[in-house]
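The following pair of complexes shares a single chain, chain A, combined with chain B in the former and chain C in the latter.
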Partner chain A sequence: MPRLRAMKAAFEHQARHFLSDPGWLIPNIILPFIITLVALLLYGSSDGPVVMYAVLGGGMMGMWGNTLYASGYSIQSERWWGTLESVLAVPTPLIWIIAGRTIWNALIGVANGLAILAVAVFVLQAPITVADLPLFLLAFLMTLLSLAALGLVFSSAFVLTRQAGVLTNGLEYPIYVATGCMYPIAILPFWTGPLSLSLAPSWGIDAIRIAAGYNPQGLWDGYLGVLDPMVAYAVDIIVVVVMACAYLVIAFYLFGVVDRRARIEGNLGRV
Partner chain B sequence: MNVLQSVRVFWSSAVIAKKALFDWLSPGLWLMQLFTMSLFQMAFFVYISAYVGNPQATVAYVAVGNAIQSIAYVAIFAVTNVTTEEKEAGTLPGILVTPANRFALFIGRAMFQVLNSIATVVIALFYAAVLFGVDFSSANLVTLAVVIVVTAFATVGFGLMLSSLGFYLRTSMVVANVFLFMGLLFCGVNFPVTMLPEFLQPIAYIFPITYATDAARLAVGGAGLGEVWSYLSAELVVMVVAILIGYAMMMAFEHLARRKGTLEMF
Partner chain C sequence: MPENVIEAQELVRIYRSSTGFLRKKKKETLAVNKVSFSVGRGELFGVLGPNGAGKTTTIKMLTTLLTPSAGTAKVLGFDVTKDPVEVRKRIGLILGGERGLYYRVSGRQNLKYFADLYGVPLQQRDRRIQDVLDMVGLSEKADSKVEDYSRGMKQKLHIAKGILHDPEVIFMDEPTIGLDPQASRETRKLTQDLINQGKTILLTTHYMFEADELCRRIAVINNGKIVAMDTPQGLKGLVRDTAVIEVEGFGIDDKVMDRVRKLDGVRTVSATASESKQVMRVQVCDAGELLSPVTKALDCKVIDVRVKEPTLEDAYLWLVEGHA
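Right after this comes the complex of A and B.
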């Protein structure tokens, strides 16, 4: 319970921090938002299904961008402010604190998806329909959590480096490319398949598209054959959950290693 | 104005900026950034283009556009953050109490980023050719080189204008992000400017990268300097105007920040 309390406090702290400087909303959502608009213009059509493809991908990108910023820049900021050592010295392991911050930022990422949807509906006059709302929301939530878990894996490395911000910026596009958030991963070079399939968001976005009723070329096509959509959806969700759990296990392990190393080397305060 | 003193300020500022960059950023990480940032952005848009198959935005069009736009990571993002970095390091007031010419000081700070920008674009164009199959067999390499150099200076000038906001705002990072990514939408990077809604098209021409993407595509197609001169001269005009506006903004915001005591606020 104390750890959950610490996570909740970190969530609230991140929320207050964010609200005290809401200008951060702009960089956090602007890239996915602009990329979605670029994709919509490239698609050259604004009929429902096509818009859906770009909008859903943009929503996922927004969640990833925010998650990554939470884990990367929050550690870098603590380092600049000289508070990182104090945060590490409290009894609660750092991962719980970073998890609270990450969840807040992932939720803010949802705002990006909604903003894109609003532009699609009100500006581009696109009819947006969701085939199965409960399944859609479930897939959306699971993808959000898997992104947060993936962010935690990377954030352990951020503790050890003075250049967390640089790494944060560098990790944004590779995930966009590999997860196929704007195109089916089947069009990527075949050898990249294992990398894409090892990322939970690749499965999450597939489930989201199936639930929304628009998945012209699913994750399975080209790799594992064509499946019934409901079977594919169920498998997607199971894989997302299993992978998210695996990410959490890896993150807990890495944070333990990093925590020990940081205490031995004693250079956390170095900016 | 003592010209010699200004030249000395410019040079020492440029040298210190380079030293500071490599003191803070390890050479290995700098190289990683140099070689990967453009690659993944280009790959992302190239695959969208390949999937969509829009005839106005072919793979070659998108790859060359993104190669040129990769300059923005250095010339806009890094340069815009110059003032904010000084502020966060607590050194901005120390710099501003010196009598050093501001113009020479901040132009000097940005000079290494011109070289960095050129290297970034060259690497990105290499990816375009090798990984994404853009045909450079008829490219006019002299014209392309001139386009890259002019674009590096013009975009750094644009970044310096934006960095002046850092004197007054708590952070110029937000502005840097906004302008960095607006380029993807407005500058003809991924599709022709004419595909934008008509009322948005004029915005494209305030960015030097808009002229650069068109000029670079012509150079890749074999155009000589005479054919791209109009684009290059437009870029240079944007650069001069941006630097003049930036200098005026810098002086105004410095005065305002001194008066309100916000110089150290971040």
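Right after this comes the complex of A and C.
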């Protein structure tokens, strides 16, 4: 219970900080929105599936941007403020504190994705329909959790480095590309497949598209052939859950290693 | 419960760093070298030393923020490397300086966050926060953002944060650094109040009068080693056979100090500046014999020359200049 309480406190603390700094609007709301807008203008004359890719892509970019922001910049900020040492001096393990923050940012990501969807449908009149809303929401939630778990894995490394901001920027676009949030990953070169398939969000986005009814070329195409959409959806969700759990196990292990190393190297107070 | 609540045995800390990219050069810096001491329950123990002496590194090892390279340390019977979580539950860390606080939220929100991270019982949390705010005198500004606080108010918040979970042992790392005289005095009073409540405190400081006023015992650390450990009176006794010639004037620079330092019978020379004038303190074996040579060596405008009894600062200077 003390750990869950610390996680809740970190969640609330992150919310206060996030809202007190208007800077978060740019990477987390405005940038994904602009990219979605440009994609919609480019694909404007196309039919449903392409438009759906554009809108979902913008939403995913917002969610991933938020996750990276939470795991990277919040630790960088702790270094700048000199609070990282104070946080590591408390009895609560750091992973629970970072997890609380990551959950807040994941929730902001949901709001971001929904805002982009709403603007696309109501303002830009994008022709979007969702074939199966419950399955769509389930896939959306699972994808979000997998993104948060992936962010937690990366954040362990951010504790050790004083270049978390640079790493955050460097990790933003490769994930957009590898997960195929704007297009089917089947159109990427074959050798990128292992990277794409090792990222849970790739599977989650595929499940979202299947649930929305826009999956003429699924994740499996080009690898294992065409599957029945419902079978493909079920496999996608199972893989997302398993991978997210694996990310959490890896994150717990890495945070233990990083905690020990940070105290051995003695660079926690350095900016 | 153990009699000594802090025990350091032969503590060593080596920092390893490297420079260069293709041809990396590794460098090792010995920051703390076989430091041993113990602090009794309810004692205020001071660690004095110049910048880079190893004071903060020692505190960081005792508060589990740094892993010792060798040696052992126990706080309340718990080993800092084997039972770090048990140590963290029972200690408070008070840092000095502008950093270490969340500026964009209020002081109360800072405290609420740390109360949750330290697991202060929920039923007592808000009451406890108000109590520590009252104790440090920050209640009126508790709901203002920390970025609007003065330096002294930030230090009060540091203290409130460090005692929030009612720790038995408190580590204070230069808590009065950069504070104006009034804020420094308030901080010293708060420190004394904590001792009166039965807390055990380890305090590092640069300020001799602070250590003299507050500490029961003092360890002087220089180049990572403890060069002396005694009561303030005991340390002053190290320079019992010394007198101090204090010169107040204008234009007391390094050249003047070097000339004085070269005189036979001069032990240490130090100077402090206030506004445009300087005060030079010259430790000598025999003030009567050296008063005239020192005065003659002064190629500057002299306002006053006095002979004084040695203080803790004189003992400290004597120690850190390698006379131990």
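Note that the second predicted complex is superposed on the first by the 263 of 271 C-alpha atoms of A that agree within 3 Å, B and C clash if a C-alpha of one lies under 4 Å from a C-alpha of the other, contacts with A are read in each partner's own complex, and residues count from 1 in each chain.
Criterion: a contact is a pair of C-beta atoms (placed from the backbone, for glycine too) under 8 Å apart; a residue touches a chain by one contact, two chains touch by 3 or more.
Nothing here was measured: the structure is a model prediction, and the numbers come from that model.
Aligning the shared chain A places chain B and chain C next to each other free of steric conflict.
Shared-chain residue A:205: touches no atom of chain B or chain C. Of the two partner chains, neither chain B nor chain C is touched by A:103.
Shared-chain residue A:243: touches no atom of chain B or chain C.
In the superposition on chain A, contact is made by A:5 with chain C only, not with chain B. Residue contacts after overlaying the shared chain place A:166 against chain B, while chain C stays out of touching range.
In the overlay built on the shared chain, the residue A:39 is in contact with chain B alone; chain C does not reach it. Once chain A of one complex is fitted onto chain A of the other, the partner contacts of A:21 extend to both chain B and chain C. Touch criterion met: A:177 reaches chain B, while chain C stays clear of it. Between chain B and chain C the least C-alpha distance in the superposed model amounts to 7 Å. Put simply, chain A uses residues 21 to touch chain B in one complex and chain C in the other.
Of all residues in chain A, only 21, 23-24, 26-27, 30-31, 34-35, 37-39, 41-44, 80, 162-163, 166-167, 169-170, 173-174, 176-177, 182-184, 187-188 touch chain B in the complex they form.
For chain B in complex with chain A, the residues that touch the partner chain are 24-26, 29, 32-33, 36-37, 40-41, 43-45, 47-52, 54, 56-57, 88, 170-171, 173-174, 177-178, 181-182, 184-185, 190-191, 195-196. On the side of chain C, the complex with chain A involves touching residues 13, 15-16, 57, 60, 63-67, 85, 88-89, 93, 95, 97-105, 109, 112-114, 116-119, 122, 161. Contact residues on chain A toward chain C in their complex (touch as defined above): 2, 5-6, 8-10, 12-13, 16-17, 20-21, 81-83, 85-92, 97, 260, 263-266, 268.
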